[in-house]
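For reference, the structure discussed in these notes is given below.
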Amino acid sequence: MSNDILVYVEHLNGEVTDATFELIAVARSIAGQTGGSVDAAVIGSGAGGLAGSLGGADRILVGDTDDLGAFNPQGHASVFATVVSERNPAVTLVPYTSVGMDVGNHVAASCQVPLVSYCLSVDPGDGLSGTCQLYGGKVEADIEVDGDRAVFAMLAGAGSADDGRSGGAGAVEAIDASTSDLAVSFIGLSEPEGGDVDIAAEEILIAVGRGIESEDNIEEAQELADALGAALAASRPIIDQGWLPKTRQVGKSGLTVKPKVYLALGISGAPEHLEGMRDSATIIAVNSDPQAPIFGVAHYGWVGDLFDFIPEMNDRLDG
Amino acid sequence: MNIAVLLRAVPDPVEELELDGEDLDRDFLGYVLNEFDDHALEEGLLLKEETGGTLTAFALGNADEVEQMLHTAIAKGADGAKMLGEELEAVDAHAQAATFVEALSEGAFDLVLSGVQASDEVDGQVAMLVAAGLGLPHVSVVVGTEAGDGSLKVTKEYWAGITADYSVQLPAVLGVQTAREAPRYVAVARIRQAQDSGALEEVDVDQPENSSGVRITEMRIPEVGEGADMIDGDEEAAAERVLEILQAAGVR
Amino acid sequence: MGTEISPKVDPSQVREHETYELDGVDISGHWNRMFEQRVIFDYDVSQLEKVMDTPGGESMGWCYQCSQCIAVCPVDHVGDYGPRKIYRKLQVGMDFFTSDDLWLCTTCANCLRVCPKEVNMLDIVPAVRKQAVLEGTVPAELQDVFEKTARYGNPLGKNAKRRHAWTKGLEVEVPLIADLDRKVDVLWWVSDYPSYHPRGMEASRSLARVLTKLGVDFAILGAEERHDGDSMLRAGEEGLFEMLADQNIETLNKYEFDVLLTTDPHAYNAFLHEYPERGGTYNTMHYARFLADRIADLDLSEDVLSTVTFHDPCYLGRQNGEYDAPRDLIEALPGANFVEMWRNKQNGYCCGGGGGGMWLDGLAAENQSMRLSEKRVLEAVETGADTLCVVCPYEVSRFEDAVKSTNNDGALAVRDISELLAEAMGLSTE
């Protein structure tokens, strides 16, 4: 039984993700309180080459293998589960992402360890506790864990990625990444076609959400974007409907953006969306619901009808 | 292909939530079908239409909304539906999963589909926990499937529009984010027909107990808008102020 | 439905003669072939027959392409539409059940008014839509509204409990009939848009003040009221209409009242023509008529210095014969100057909101050069009026949007008659 913190290293296309560095920052802060050490487990193709960027951890566990493709929900998860059961860390951190969801749930179930989902912060004080965000961000819940070990799936923004980044040499240890009889096998990765606007490179973004109500209304929003020299972006529901291409999606399953100005129209502000834009320099939100969570991260807000706001803006910009 | 779809009723996201101690005040709370479960049902129906076989819908709890969800599933094409247990109570993901696992063990399902996540799963994702309970492989954040011979091609979404394809040997469990097509419409008249069809089965189960090892000690509604500088007035005032802000930000 | 427009002809009572002698003169011929379709038989008319075989769709086959309907079809004025054109398209193979054309009709009934063969689009279109809905082929924007209405009891998807939030802070009392626990003279059926849409809520508050000043004993249902269902029926969701109607009838039958007062002509239409056969028979009045009958009691003392034109809502005017009440009220406004648009009364031009059109703007935009509401606003502006007066809750939002999109913001105000009356009575209109 150890006091240690184990971090799952999420990586794709040869790069460790920001989510992982946030986890390392969180792990370091826990370690500061408990005196444990921070281990980072990196599994899969090119794992060895990534160790160099993980200096924020005390020990880097490398499970290099080409058998699992870019990521294998079953393969990576079972290798990590073995690490968890052998090393028995007090706290295991996974990101609350597409990758972390497979890994975290599998580990918790196979190692019989509690899993805390939608987690904002971890407190290793008197027993393990933390704070989570539920019901689309509308509710914050404090939790306590029975026992002294748990897996925490951390939401974006739980830690500072810059704090977790560090070069330098942590001790590197090889681990067994062999798997057999996997029912899930990797076929290939697809990336979206380019040729469209790169919203991550834009200075001003006008983002539309469910409040835009119909595809027909996107045109007026585009007019506003054109008048401001901005690009049009959107939250997941708009993209799912096919009203704008995938390249315009901001949020957990889309892109993360940090423009000078992010104007959110009719977006309620669910955590999955906030994750993608919360670091924008100036966030202005328009929503008819005064309780919309977006107002919690916005710098400026107006409670009103975007169908009044957009034409009014377009009028003023025309003249 | 014999498909099971797990449906969950969650608090309606449009509701203004009220708290009662460590839980929501559920007295007047409205519930709706978890949006991702609706997509799981659609993907299941598409697979059933392509491969033949059966689709059975499962839901926990006994309440009007749960009955409605299951009748809607039947109206859309599910061959049968089972409503498990009694009152709709706040049950954690582990307990929900345990109840589903017991109900699923009695059928021989090739594929179990559910939504990738729900807004109340503080202790893990039900779909994945069901997979663990059944000893089956699982993939989360699924955005499409394609039937093959004894295996399924499954597309998983990462971020920034990146997806990966996998070949999954059945039986397996998938956590669906979006179906290949938008969930289909079913006329109210067909739902009423489903109500009369008798295809809904009420099943007694032991009342599930929260056993996840994660306890909620307090709930809070975070104050929204405390960060934002709110603009007063009508759209004219708002537009004027926003243009000022844009100028100050150096983009106009 | 539609019986006001012209007498119903019963085909079974008509005798067709191959040969006929009248006063000794042989007038045999095919002049009296009223009820067979006159098709050139080279066409495969199976699509036409599919419509005619659908219960409610029979009259589609009576069309003999005279084109009277096209001249008055509001959709044709901004697109390519009308019963004759639908008939022709059916002849050449269009599947009406899956075509966009199925969803463009606003059920305004102007075609039926002028059709010599009584081709009844108000029967045909909902009947075909009903089949499409059962098959699940519904435009996505309308599907969303059906689902919201089924779940929340209103097409806007607003919280049902907040249906009477518009009364909060109002200086006059708007009691809930459940709280009063007695009979009332007037049960006011507020409807969805007047309950939830900001401009509708303003009109409701104005009307509440006017009714109070008149000393009317009234109450509302609040959260017990659900969408009347008429537009859902015209849009093909018969099951949804039945569900709503049965719920509403159960609610209404709990209470005692003399008059069921409606703000919404669509609700008015449903209560008059659709609810009785489901067990709901009420003494229904539209608020324009209710107020017009009491003009003498309205203390109209303040000048309303406006040139006012009036839009006849299809479901009050052409479909239910009420043209005078709103005009009497406008003419009674001191200082106001009333002007007619050239398409008025029986020939009024539809705003585009009926028959589900309120929620099909996306589809309309793909098939029309402009919205019907925009066309109508341009007509209103032509009269020189500065105010467009309306008495249907769909219209305020439609026409205000159209005023903006036709760049007439500031030139034309859109106001409910309640707001104009309140102003003339020196009451607040907020």
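Descriptive notes on the structure:
Each chain gets a letter, A, B and C, in the order it is written, and its residues are counted from 1.
The working rule: contacts are C-beta pairs under 8 Å (C-beta built on N, C-alpha and C of every residue); 3 or more make two chains touch, one makes a residue touch a chain.
If you're wondering where the values come from, they're calculated on a predicted model, not measured in any experiment.
Of all chains present, the one whose mean CA position sits nearest the global mean of protein CA atoms is B. Between B-C and A-B, more contacting C-beta pairs join the chains of A-B. The chain with its Cα centre farthest from the Cα centre of subunit A is C. Centroid to centroid, with C-alpha atoms defining each point, subunit A and subunit C lie 49 Å apart. For the pair subunit B and subunit C, the distance between C-alpha centroids works out to 38 Å. If you average the CA atoms of subunit A and of subunit B, the two centres end up 20 Å from each other. The multi-chain contact residues of subunit A, meaning those touching 2 or more other chains, are 241, 305. Of all residues in subunit B, those that touch two or more other chains are 16, 182. Across the assembly, subunit C contributes residues 140 that each touch 2 or more other chains.
Residues 214-216, 241, 305, 307, 311, 315 of subunit A are the ones that touch subunit C when the two sit in their complex. Chain contact summary for the complex, subunit B toward subunit A: residues 11, 13, 16-17, 19, 22, 24, 93, 116-117, 119-125, 128-129, 131-133, 137-141, 153, 156-169, 172, 175, 177-178, 182, 212-231, 234-236, 238-243, 245-246, 249-252. If you check the complex, the residues on subunit C that touch subunit B are 133-134, 136, 138, 140, 143, 146-147, 150-151, 157, 159, 161, 237-240, 242-243. Interface of subunit C with subunit A (complex): residues 140-141, 198, 361-362, 365, 401, 404-405, 409. Interface residues of subunit A, counted against subunit B in their complex, comprise 12, 69-74, 97-99, 101-102, 104-106, 108-110, 113-118, 129, 132, 134-136, 138-147, 150, 182-192, 203-204, 228-229, 240-241, 246-247, 249, 252-256, 260-261, 263, 281-282, 284-286, 290-293, 295-305, 308-309, 312-313, 316.
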